[in-house]
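Next, two complexes with chain A in common: one pairs it with chain B, the other with chain C.
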Partner chain A sequence: MVEHRPWLTFLTHAVLISGMLLLVFPIYVTFVASSHSLDEITSNFSLLPGSHLVENYTRALNVGSKDVGATVGTMMLNSLIMALGITIGKIAISLIAAYAIVYFKFRFRMFFFWMIFITLMLPVEVRILPTYKVAADLNILDSYSGLIFPLIASATATFLFRQFFMTVPDELCEAARIDGSGPIRFFFDILLPMSRTSIAALFVILFIYGWNQYLWPLLITTDESYYTLLIGIKRMLDVGEGQAEWQIIMASTILAMIPPVLVVIFMQKQFVKGMTETEK
Partner chain B sequence: MVNDLEPADRDIAMVFQNYALYPHMSVYKNMAYGLKIRRMPKDEIEKRVRNAAKILEITEFLDRKPRQLSGGQRQRVAMGRCIVREPKVFLFDEPLSNLDAKLRVQMRLEIRRLQEDLKVTSIFVTHDQVEAMTLGDRLIVMDNGYAAQVGSPLEIYERPATRFVAGFIGSPGMNFLPVPLSADGQWAELPGENRLPLQNGGIPSHGGQEVILGIRPEHCDLAGEQDGMMHLDVDHVEILGADTLVYGHFGEDKTRLTVRLPAMHHFEKNTILPLIVSSKNVHIFDKKSEKRIEK
Partner chain C sequence: MEKRVVFKHKFLPYLLVAPQIAITIVFFIWPASQAVYQSVLQEDPFGLSATFVGLANFVDIFTDEIYLHSIYVTAVFSLSVAVIAMSVSLLLAAMADRVIKGATAYKTLIIWPYAVAPAVAGVLWYFLFNPTVGIIALYMKVLGYEWNHSLNGGQAMSLVVIAAAWREISYNFLFFLAGLQAIPKPFIEAAAIDGASPLKRFWTITFPLLSPTAFFLIVMNIVYAFFDTFGVIHVITDGGPSNATNIMVYKVYHDGFLGLDLGGSAAQSVVLMIIVISLTVIQFRYIERKVNY
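Right after this comes the complex of A and B.
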């Protein structure tokens, strides 16, 4: 800010801080709840952290809630495998697809591009029945392949990489050809290192997307050992007449937030670069 | 035919207009990349890159990324990338057009020196006629995809084959006057009722026809009041120091003419200047085909 007006500084800070409190409060409540025993939560809930923190988290990680049959540790691992699988798979496939569309001249090139582009407009939910049928016929229900592969094709990422590749000057490709590098070498030696920041940005977005998948894992997993964490939390709530174990649910929720937050923190710099900077 | 070969197998190296350096590689790696792909031994690559860097005086930048370099330095790196390959032909695609005027003159000299040292055939594309005249041993003037003329720079300056070539080479551009020839083809009838005798017996084949007379600005001279063939009415004067450009018109139909006179002259607007032109310095082109008419 160029201007120096004390009341303006005060006002902007007040808005910022109140906004932050508004966002942080539910998370704080979740955290506090995860440190109390069930009795304390249901009878008189205090907004100060309780004394059962370690106990609750250990139980969540190693034993899990009753009636769910999988520990939070297992479910976190499943979520992680699915999120990483989706992220890496999507990036790999989109890179290759965008490379083909931008750098190779073949028949119906634009047709294929538009086909990919149109699928942007179809959310997973629309094609969920046929996809389920295919997954069932392929016998990949209740498996990591089933969790990952149907979600791996991404029009958004393909489109993003296509746009990036189009900004790479043609001369670079010609220079590489004169230097004697073939299509594969050009891809790995030049295009891939140049798209590093875009890849990082996409990694963050796609990891969160993969981690937050709910409907698809819910449909295709019936075996508890393949439950993802989000499904697990939902199952913990489905206790019918009984009493939900809120302290475990809240602990699981906090645990579910950690990996996406870590990814954002560690890739923050690359992420911002990828969103704003055009290489060169 | 080279058309059937992959670019990598043509044994050429190219300097691009925007240099096309690999942005994520250091200068060293940029220069070594082509050699690395050709599986040259590491110490040989090192030797060649160091050597090229020494010639181009970029040794201290070898570890930098292209974006940390200035335009002239990037230009050198682009040339270095070509030199290390030791190809049969260098291709330069308007390599100097992204540089500022002073640097361009300097790089022009360096390219010439380099080319003479390395003795490698080089093809240099340029829009700048000074670059063309100074760098070229042989010029090819391209007009709409056709080679309008091929020859040494002086040959092209002295005997341009078409009106296009004549207008392209030389600055300011050649003056073109549509004039009729006398019936026997011995004289050109200049505007303002003066006659210009043609050399070597004239052009009898085009006697009585209208042709295009080309006169370079530097080939007009000031004359005495009586000797003047063209009486130029001055419109505008540009004093460049070493010489003076005079823009004006003459004759009844106000034919425009640009003249370059040595040394400084301060002419007022509407001064009448008597000018002569030597008939050995005029070029005659056919009006329709715009080709040079030889005697």
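Right after this comes the complex of A and C.
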């Protein structure tokens, strides 16, 4: 701090605390609602936690909301499989693609590089119908492969690894070659262990990305047993003229936030690194 | 930049890029080219026959009032989200930059909403403003203001903007804070010795030095508002009431998936692709100066 200004210090903390309250408020209300019964929510909603917390969460996890046909437990498992599938898939194929592009000279190298680059410009949102048609033709609607594979090509991960490999000293590769190790051995014994921090940073970003996917699962899942949790919550809200089961919806919403938020809080260092290095 | 030392192998490099390239062709390049191809065709709803119609689909969408309205809605939506998210986060970042004690705690507590999915942000705010159970809507009623975003287009737009901006504050905060911390402290100290007040120091020194970060964030916020907010719209308003929140991405989904207008939806996809490509080019021209790919 440059100079001592007590009122300014006070203002600083006041602004920060009100900012935090603004960010927390909707989640607090959701949490409180998830501890009330439906009657308490619809007739006299109080901002203090109620007594139905355990009851609501057990019912959500084991039974689910009416008319959805899948329990929140199942849907969380689907979300987890999709998120981990996307994360691990993206990291794996990007690592080896970046390795080939950096450490090998081969025909069409730059052509492949630009082909990967193009994926950056084509988010699912701009090619909804034809991608759906491809998935339908491949017969992967309503399946885990359908949830995962169309989302695992990633230019950003490939760029990040390429950039990292460029900073690895050439001497390491020379030394490895003199000692007689081939490309596969060099990759597994030297490059992969060195990439640990980049992998961890990407893991955090991609896990959040995968868990939070909404449009693609919405398009390709019609069978309840493949619903992800976010799709399930939307289905619980769509009750038409009936009464939405707010207590279950709110409990599910909290459950949908827990995994990615925990990842951010406990892997904050990797998260910040990932955000600033992938720029997205 | 190229590596001096490389491996030589006949087929291994092709094997290594194969999975990435296969996925790219099957799920990116093929569907995108299909969208371009379909955008110049007129297909009957059963997909039995298609005729080449040139740019007729584009003429159709650009003379369609609903589509023009959707462009306008998208512009209002993305600018509002960018302005709100950036101003709130700049304020918070400027304050957090001053804090010495407890800086990490503040940072953690401000960045976590980034982990909340746009669709979940939609559910949170939808619940708060729900006309029958939402506590903010109920308080407004007590104060004599009738809130019903399923009937009032302006209210619907405000609600989706709030929900979308709320989640984006943490992303902007992280980059603004990093930008602030990169500003050399002697600049600020010299100005303080010359007697400049904190506010003056902010506007004449900090803010100009922060402009590259701000420019980058404007582009990122627009990309976010255009392409990542589908969940917010789908959960809260479904594009309604009477198209008041029908942003372009939602309209592609609606026309193509629910309306089955293949040619029109494909033409809209092509327009969106042109927008993403321009935004990506702007973004990379800027990043080029900072990072060397």
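Convention: the second predicted complex is superposed on the first by the 260 of 280 C-alpha atoms of A that agree within 3 Å, B and C clash if a C-alpha of one lies under 4 Å from a C-alpha of the other, contacts with A are read in each partner's own complex, and residues count from 1 in each chain.
Going forward, a residue touches a chain if its C-beta (ideal position, glycine included) is under 8 Å from a C-beta of that chain, and two chains touch if they have at least 3 such contacts.
Owing to the predicted nature of the structure, the values given are computational and were not obtained by experimental measurement.
Partners chain B and chain C, once the complexes are superposed on chain A, both fit on it without clashing. Applying the stated contact rule after C-alpha superposition, one finds that A:267 touches neither chain B nor chain C.
Contacts of A:177 after superposition: both chain B and chain C are touched. After overlaying the two complexes on the shared chain, residue contacts for A:19 are found with chain C alone; chain B is out of touch.
Once chain A of one complex is fitted onto chain A of the other, the partner contacts of A:29 are limited to chain C, with no touch recorded for chain B. When both complexes are overlaid on chain A, the residue A:84 reaches neither chain B nor chain C. In the overlay built on the shared chain, the residue A:239 is in contact with neither chain B nor chain C. The superposition places the C-alpha centres of chain B and chain C at an angle of 90 degrees about the C-alpha centre of chain A, rounded in steps of 10. Set against each other, chain B and chain C touch different numbers of residues in chain A, with C touching more. After superposing the two complexes on chain A, the closest approach between C-alpha atoms of chain B and chain C comes to 10 Å. Once the two complexes are overlaid on chain A, the chain A residues touched by chain B in the first and by chain C in the second are 174, 177, 279-280. Contact residues of chain A toward chain C in the complex are 1-3, 5, 8-9, 11-13, 15-16, 19-20, 22-24, 26-27, 29-30, 33, 41-42, 45, 47, 92-94, 96-97, 99-106, 109, 112, 115-116, 118-123, 125-134, 138, 149-150, 152-153, 158-159, 162-163, 165-166, 170, 173-174, 177, 182-184, 186, 208, 211-212, 214-215, 218-219, 230, 233-234, 237, 246, 249-250, 253, 256-257, 260-261, 263-265, 268, 271-272, 275-276, 279-280.
Considering their complex, residues 169, 171-172, 174-181, 185, 189-190, 193-194, 196, 279-280 of chain A touch chain B.
Across the interface of their complex, chain A is touched by residues 1, 3-9, 12-14, 16-17, 19-21, 23-32, 34-35, 38, 88, 91-92, 95-96, 98-100, 106, 108-121, 123-128, 132-133, 135, 138, 166, 169-171, 174-175, 178, 188-189, 192, 198, 216, 220, 227, 230-231, 234-235, 249, 252-253, 256-257, 262, 265-266, 269, 272-273, 276-277, 280, 283, 287, 291, 293 of chain C. Only residues 6-8, 10, 12-14, 16-18, 20-25, 33-34, 37-38, 67, 81 of chain B touch chain A when the two sit together in their complex.
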